[in-house]
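Working notes for the structure below.
As written, the chain order gives the labels A, B, C, D, E and F, with residue 1 at the start of each chain.
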Amino acid sequence: MPIVQVEIIKGRTVEQKRQMAKQVTEAITKTLACPPEAVKIIIREMEKENYAEAGTLFVDK
Amino acid sequence: MPIVQVEIIKGRTVEQKRQMAKQVTEAITKTLACPPEAVKIIIREMEKENYAEAGTLFVDK
Amino acid sequence: MPIVQVEIIKGRTVEQKRQMAKQVTEAITKTLACPPEAVKIIIREMEKENYAEAGTLFVDK
Amino acid sequence: MPIVQVEIIKGRTVEQKRQMAKQVTEAITKTLACPPEAVKIIIREMEKENYAEAGTLFVDK
Amino acid sequence: MPIVQVEIIKGRTVEQKRQMAKQVTEAITKTLACPPEAVKIIIREMEKENYAEAGTLFVDK
Amino acid sequence: MPIVQVEIIKGRTVEQKRQMAKQVTEAITKTLACPPEAVKIIIREMEKENYAEAGTLFVDK
């Protein structure tokens, strides 16, 4: 606790995920007053055919 | 907002997802009174070994 | 299967949810070729202080 | 209903998932008083670069 | 890790949740070979107007 | 996109959520190279009887 889930379109590098995990954890611990060990982050990656806005798949944009 | 997540077993075509995204977005905008741009749809696909009903994996059915 | 989760800001009536559940189920069965009994819909309602876009809570908009 | 989602790091065998689905379903039906048919289990598998604790990706541990 | 989410209709007692958490944790640790400390369980409770099967809200059944 | 879900135990103030939303959005935009408008954050709050670690509900700790 807290458990954070981040949904993104596929294509980020491991280095981007590494920096994101580090900085989101810092943002959470600083603002919600909890130790870093308590923060779990799950990253979910989606193919462009698996995300839609306004009824249109990203693969069609 | 609204954010819609649709969990399905793997195996649908892109055309099926395209139609689903379109028609679910229409159903949402019509019934919940929101603009199409507000509707985000995330499709999650599962392997048959990653879904169970009544304690039995789909891969065993 | 399919399992659908719909995240909305609090404030819709039961009648709106009723129509939404009905029409989203129809959209899913028609486009993904599955029986209505297979479609489960979970509605999650959020307070305006529990949703943010562009870093701003809805309660502050 | 109940719908159970289990997030794990990739690497379990189908046999492990089979036993997990069976025993978690038993635990749910026994303690929450519902029939086995009502229990749906979704297993989500993550790559080690998609999970972080204390700001560190598992791939870096 | 593993992180388990259990979606149920409102109405269970704290004692039922206590037993469920205990027995699901045992089922997970035994079948997936992980220590009890690694297992986190999130229980989500829904009102009957927030769950539908076959296009019908539970509040209408 | 990205869509971020943050699960926390109930009890944070609106000001804490406000700061969290702001700083998590900054962390995401800086590390994943996306505009602030693209970042949606859903906060989910749990009662202490709805979260367990190592098989024990938080309400019992």
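Criterion: a residue touches a chain if its C-beta (ideal position, glycine included) is under 8 Å from a C-beta of that chain, and two chains touch if they have at least 3 such contacts.
Everything quoted here is computed from the prediction, not taken from an experiment.
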Give the pair among B-C, A-E or C-E whose set of contact pairs overlaps with that of A-F by over half, matching residues by number. B-C
I'd like the Å distance between the centres of subunit A and subunit C, where a centre is the mean of that chain's Cα atoms. 22
Measuring centre to centre with CA averages, how many angstrom lie between subunit C and subunit D? 24
Which positions in subunit B touch two or more other chains at once? 1, 3, 7, 26, 40, 42, 44, 51, 53
With touch defined as at the top, which chains are paired up in contact here? A-B, A-D, A-E, A-F, B-C, B-D, B-F, C-D, C-E, C-F, D-E, E-F
Touch list for subunit B against partner subunit A, complex: 14, 17-18, 21-22, 25-26, 36-37, 39-45
Using the touch definition from the top, list the residues of subunit B that touch subunit F in their complex. 1, 3, 40, 42
Which stretch or stretches of subunit B touch subunit D in the complex? 7, 44, 46, 49-57, 59-60
The subunit A residues in contact with subunit F across the complex are 1-9, 12, 16, 19-20, 23-24, 26-28, 30-33, 51, 53
